[in-house]
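Got a structure for you, written out below as structure tokens; questions coming shortly.
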Amino acid sequence: MSAVYALYADPESAQAAVDRLRAAGVADREITVISSEPFESHRFGSRDKATWMFWLAGTGGAVGLAFAYWLTQMTERAWPLPTGGMRIVATWPNLIIMFEVTMLFAVLSTVATLLVTAQMPRRRPKLYDLAVSDGRILVGLDNPTAPLDALERALTVHGGQLKTLS
Amino acid sequence: MSRASRARILRTLVGCTLLLAVAGTSACRPANNRASMASVYTPARETVGEAVNDFFGIRPRVTQPFPFPHSTHVAKKVACTDYCHESVTKGPVAGLPSVKTCMICHESIATDRPLIQQITDLSKRGVDLSWQRVYGYSAQAHVRFNHAPHLRAKVECSTCHGRIDQQTVAERNVDMKMGYCVDCHKAKGASNECLTCHF
Amino acid sequence: MDRRIFLKVTAVTGTSATLASCGNPEHAIIRFIPEEEHVPGVAEWKPSLCPLCQAGCGVIVRVMEGDAEVVRNGQAGVMRMGLAKKLEGNPAHPISQGKLCGRGQAAIQIAYHPDRITQPLKRTGPRGQGQFQPVTWDAAIAELVAQLDGLVTSNNQRGLAFLKGGGRGQRDDLVSQFLDRFGAPPAVSFDLFNYDVLRRANLLSFGREQLPTFDLARSGYVVSFGADFLGTWNSPVAQHAGYGQMRQGRRGVRGAFVQVEPRMSQTGANADEWVPARPGTEGVLALGLAHVLLSARLRPADAAGRAGALIDGWNAGLTGYTPADVEKQTGVAAARIERMARALVEQPPGVAMIGGAPLAQTNGLFAALAVNALNALLGNVGQPGGVSFMPQIPATVTPRRSSPPERRTLQAVTAAILAADPSPVQVLLVDSTNPVFASPSGWRTREALLKVPFIASFGSFIDETSVLSDLILPDHAFLESWVEGRPESGAAVPVATLAPPALRPLHQTRATPDVLLQVASRLNKPLDFPWQTFDEMLMAAFATLPAPSADTDAWTAAQQQGGWWGAADAAGQTRPGGPAAQAEPAGRTTQAGGTNQGGRPDAAPVRALEAQFDGEPAAYPFHFLPYASHAFLDGSLAHLPWLQELPDAMTTAMWSSWAEINPQTASKLGIAEGDVLEITSTQGSLRTPALLSPGIAPDVIAMPVGQGHETFTRYASGRGQNPIKILASAAEPETGALAWAATRVRVTRIGPPNGDLILFAGEMREHPHEHEHER
Amino acid sequence: MSDADRRLTDDLLRPLLTTSARFWVLVAFLGAIVATGLGTWVYQMYWGFGLTGVRWPIFWAFYVTNFVFWIGISHAGTLISAILRLVNARWRRPVTRCAEAITVFALMIGAMFPIIHLGRPWLFFWLIPYPNQRGIWPNFRSPLVWDFFAITAYLTGSVLFLFLPMIPDLALVRDRTTGWRHRCYGVVSLGWRGTTKQWNRLETAMEIMAIAILPVAVSVHTIVSFDFSMAPVPGWHSTIFGPYFVAGAIFSGIAALIIAMALLRTFLHLEEYLHPVHFQNLGKLLLMMSLLWAYFVFAERLTVWYGNETAEMAVFRATQSGAFAPLYWTMVVCNFVIPFPILALKKTRTIAGCVVASSCVLVGMWLERFLIIVPSLGHKYLPYSWGTYRPRPVEIIITISTFAAMSLLYVLFAKLVPIISVWELKVGAHPAHAAESVEARDDEQALFVARTEP
Amino acid sequence: MAHRWGMAVDLDRCTGCEACVTACRAENNIPTVGPDQAAAGRAMHWIRVERYWEGDFPDARLTFRPVLCQQCDAAPCEPVCPTYASHHTEEGLNAQVYNRCIGTRYCANACPYNVRFFNFFNPQWDRPLQLQLNPDVSVREVGVMEKCTFCVQRINAAEIQATADEKPQKDGDLKTACAQSCPATALVFGDLNDPESAVSRLSRSPRGSQLLGDLGTQPKITYLARQSQT
């Protein structure tokens, strides 16, 4: 596969490059922007903010709750041993267990979602440039379908120096 | 700084570590440590290895002092409870017979066999055979088994002792773990209260 | 590190890898063929006799099969054998009635004690150094025989002395017969807390030289003068049973009980009323009570009969014992005396008992006679709820040859030895007594013994006395031998306890009676005993007793049930404590059968004596009160770990000795709990921790006897202090009994707590802070 | 990229890339103490628990004190940084990571103690509900089992909470290193690139975590307090214990954080990133917690004294005027008398001042846990069974070694990971990039920023 | 009907003689820890006789009170145990299962009576003292809790016997070691479900009360108050 990208010193020019790529008819999905810090305030920064994460976390919690409920009930009934004149299925203490397990599952599911949606962990990515860690902003595409020269024109303005991998 | 000097520093520090460790541990020797005296009885395991085995439930294979052929005796219609394990009908323990018991019959029977002659010789010298328990639990299991109730509950001897008529010296036939007892107790509706066996 | 590894590590390290003794695997040690058959896992109960005190409780032994390390013909190995697991009271026994005190239950540890002497020993090092070497029984007996033959050839049979504890029964009879036949003077019996004074008093008052039996179960009002009858005195187990009944055994009636003693004993703690009278004035108090009864015409004066006649001024109505006078002497309020006296008759039956410290005064006999008179006056002698005397079985099987023996106290013997040179005693045999520990330093017992050329002892342990001996012939533990005893109190019927060995001997020991018989037969001029072994003698003795039923004889029956006790035909009634076997009604007694030698019908009235104390009150301001420890009695039980770790009932002290002192006194002397004190008498001094107790008079220092052994097994040696060492050798003049309560001391604080005082309890009061507010 | 950013990056990565001899000395020294501690524990397991000073009837003492203490310390990070994240206090940025690190390590150490204090530690796994041939499970009615669940949840949460925002920085280090380090950081940074999608997901995840971790943190110390309040022991059986312990935990947590920050600041030369204002703010928090603590203690004591119940009063007296009084009043001085004025006066609320106050608080809070456990056990209902306790060498050594362990872990952490979040600091450095919405919520924090830029 | 084992302690009969303490030690293989450990507060007494002083000389009074595991129905020691080592049996006993005990010592803290004891070291018997050990009772090892079991070994044996010869147990046949030995019969053991048993009758006595009963532990031991004449 091949890739085309350019590095920019500041978010504004990166934003401009993104716009020109769009103008050049490149689909939003294909454009990759890589930066060493988040840019919530810029449009490219706030792309695909929308997420199901909260819901997934909630679901995880619910699963945890169900599991904890089953666990407490099952174990207490499996070998019923009375202690301190309490009921065999002791609801109050069980609530504590359920709460903790619920939270645990919620947290775990959050992290799981993060890893999946952010495509982590993965081996060394194709489209990347060490300059990013110096604060440069990378704008580019994997396996460009559009004609290369058009992309070049789009990327080279605003002082982006073009690089290609193949 | 040079690699050499760094190494020196490290070495000295490692030394200090060991010293500290020794000092620290020796600072708190137990007050009355009669443990090291051989003339004491204690439930402690004799060796660390034994402790590990106990922990993982590994029990050494028992080696009996004498190749007693159960099969032959059963074949000869000698019931277990006739002489050798008669106390099983009287008390909690089946009991292991002494050479005396052997001689009850072998005064006269099969006196020509070398094994029997060994026995006769032992009994003359007043020395007994030290049979090994086949199902010896670790003391830490705190299990108290009583044959009588099991016999009353019509539990077959073979349930735990297997086809004794096919064994020479008795072997372990079941994995006598707590699970085994519990399952049977559940099946037979016997009490699974801990104090039934552990006290 | 992952979990499994972690677990393995902890499992390895998490066990104390101490080496159990039989290091080599089970099938490598020699195993002997069992000598007896037992059903494994099934307990068998065998009768026996508790040897620890003269009460003579019958016990049953729980015997179960187990592996014991034994030596058989010189080879060490393991053998399956019956092992004693527990001692309990023998339910059939009239005295113990199925109960047993803590000491008795600990007696089982004697048999299994790690420091028991396992075989005969011969001294190698200098005397008292405790260097011995094992010898065979033949050699040992031969040695003893040689010594005795030596006496015979030098025609000095009286050079043999036998020192024994205060026991009664066939064993002691055998000893006296042995000495008798040998031509030696009778055995000297030594027992620190003996009952000589009380026996003598009972002989004088009632013609019975014997300990009294109390029918507490039916008593209404009990006044005890220092008698620790719920602890160590007389027959504690039987008295406990009666006490329980007295308190809650009867519908609507609850017996009351007053304890008169300057230091609250465990018995005193149970009293409804604790009367700390001045030491040595108990007799006066008793007469004070009598005076009230007489002056108020509550009882006729002649009711006391001879017992009363013995008291000087009795018939004159005991003028001089008015409550006021008595208050002056005793420090007990007159009103209180009045009340107690009236209660004695208003809550019938009222009974008084005396024992312990009051009898260990120089005026002990007077005190005892006074209390006897009081009982006689109350008319409770031989009556339900009163005091009675247990009918006795004559102890001898074969008639004595010579005249009845004269009494010799240890003090007299030691004095003689120290006086003459060479020592009049050439061969000394010691059996089950430890005078070197239990006699005051004034007697110089140790020096005397060191002066005796040859000493042989029979004990099972090396103690302060047997360590001095040249030859040790270890006895069986009581569980391993034939036991027989004839208690003199505690039941209403005559009792002869008997039991065959409950266990096979663990060690190479032999029963002392058998050894004596062997020696007797091996002498050049054998003492011809009709028996080869002790059990033959016992059989002969029991043959004289009536058979309990037609189909069996006394001997076999006794072996089965653990003794012979009089049935209805033997002793009137079988009900324990019943009015069976009364003393002869007061007055009529002139000759009270065989035991009445020395009973003097025409005895002159005794007048009240002032108790004499050793030490000037100025220099020695405190009365020193040693008392029999509940765990160790006179110290003979200090070697039993169970008893060492038993928290003392009053102080919760374990493994230690202490001195009890009144808190006010302590604060005056600047003494705090646990501080190290120095207690000094004219005889010497000792250092021990202080223990503050509200239950002791301000002018009294009390200390338990029992600790302070120098050589007495690993558990007792070098532990605590021995109060006997600083006792003066004052004695009761009539009987010559040691007056162990007649010493005065001074106390000084030496330093802060040194950790010698080990208490189990944290606080001594249930509401410590409220108490602080009170103060 | 701006010079500011570069300098910032270099400063924060320097500890990772250069190693001084001083570092090795420190590690070896701490390592030695930790080794001693472990050795002592092994020794204790070998001979038996009797090597400790624990006795009848005081069956819990030093080890459980340490347990509660360390769990308390663990409330420094996650809780604080979670709160600050949620309110998006911008001054939090340099603080959060070192705080969260404290949480994780303190929790690990604290969780060790229930195992150390077992009579048979090799069987600790019976607390875990796992299927076994015996068919028997843990007893969910036991507070110790609650502890197990709570600590598991909290530890997992905290580790992730610490790790997630670390990923971009790890990637940064990955790009700045070569050779085996490059490879290692490559693995742990999970191949982070910094695409907008990753950034957004990360931010969201952190928000959810922050929300989830807060109640867990609170529950953990509540449950720790339940270990005591569930037992009918005078001085333990009190409903106030839950909040009381949580407050105490945060109290000691902040103190620990302040000290840690001060040390980092001096040793790693982070003066430019950890400003006095950070200590100022944490100091204010500490002050508030000190007051809260005092309030709880007063309430608890007053209730006991007023109720005047015999057994409770015995404990009360023992601590107030009895054998434990010296310790008790030391605690009061350390937790209130000293810190209050120092932190109340702006003049003394300097870095030094905060450190002094915090050190006192740590001592005081350790004593508080000790004084809750031992006097109560020593004065239960039956005075016959009262007793007192004196620690033995094993306990003291192990206690000391845990402090060493804490320091060691922290030092190693600071060595391997940028102790201050580089990317967050960058974001903070040019607020222009941050979203307006954030800006709006942020004005009062902006003050601090203003004050910090001289 | 299932048994419900209980005990009555008549403080008017109890004389503090401590026969029960030794009886318990002999029956239940309770080790002696020796002077050093005793000083360190590790002495073990499943039953102890508490004594409390009141007042000062000469009006000092002293009362004895035997304290053993009260076998509470609502036992605080049970629910706190994470491994069920301490739990309740059908017959109302507070079971202590040694092999299940991991030594958290939580039960001992929760117990208001302080009747639970911990094996700080492996117990030791100087040979041949160990020959006395009761084969029907476990020898507890280091790190486990132990306490009065109401002589469960005797209870089990009696029940096995009863089923063997198919006749119900009689009241008084079965006694704990302490009750058996008590010379003044202050301790009475029996079945509380049998209204005619001695222990039931005593438990109904107006003198009866329960130790720390107001804690709601529902002990199965009734203390009969000591009466006083003066």
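All chains are identified by letter, namely A, B, C, D and E, in their written order; residue positions are counted from 1 within each chain.
The rule we apply is simple: a contact is a pair of C-beta atoms (placed from the backbone, for glycine too) under 8 Å apart; a residue touches a chain by one contact, two chains touch by 3 or more.
Just so it is clear, the structure is predicted and the values come from calculations on it, not from any experiment.
The chains other than chain E, grouped by which ones touch each other, come out as one piece.
Taken together, chain A and chain D share the touching chains E. Taking the mean of C-alpha positions as each chain's centre, the chain lying farthest from the centre of chain A is C.
Taking each chain's centre as the mean of its C-alpha atoms, chain C lies 30 Å from chain E. Rounded to whole angstrom, the centroid-to-centroid distance between chain D and chain E, based on C-alpha atoms, equals 44 Å.
Distance between chain A and chain C, defined via averaged C-alpha coordinates, is recorded as 90 Å.
Each of residues 30-31, 35, 39-42, 44, 55, 146, 194 in chain B touches at least two other chains. Contacts with at least two other chains are made by residues 79, 81, 83-84, 86, 90 of chain A. Across the assembly, chain C contributes 7, 11, 13-18, 21, 41, 114, 652, 761, 765-766 as residues in contact with two or more other chains.
Pairwise chain contacts present here: A-D, A-E, B-C, B-D, B-E, C-D, C-E, D-E [touch as defined]. On chain C, the positions that touch chain B within their shared complex are 7-8, 11-21, 23, 26-27, 29-34, 39-42, 72, 77-80, 114.
Across the complex, chain E meets chain C through its residues 10, 12-13, 15-19, 21-23, 25-27, 32-35, 38-39, 43, 45, 48-58, 60-64, 121-122, 126-135, 142-143, 177, 180-186, 224, 227-230.
Every residue of chain B that touches chain D in the complex is listed here, in rising order: 1, 5-6, 9-10, 13-14, 16-17, 20-21, 23-25, 27-28, 30-31, 33, 35, 55, 177-179, 182. Here chain C touches chain D in the complex through residues 3, 7, 10-11, 13-17, 652, 761-763, 765-769, going by the rule given at the top. Across the complex, chain C is touched by residues 42, 45-48, 120-122, 125, 310, 313-314, 317, 378, 383-388 of chain D.
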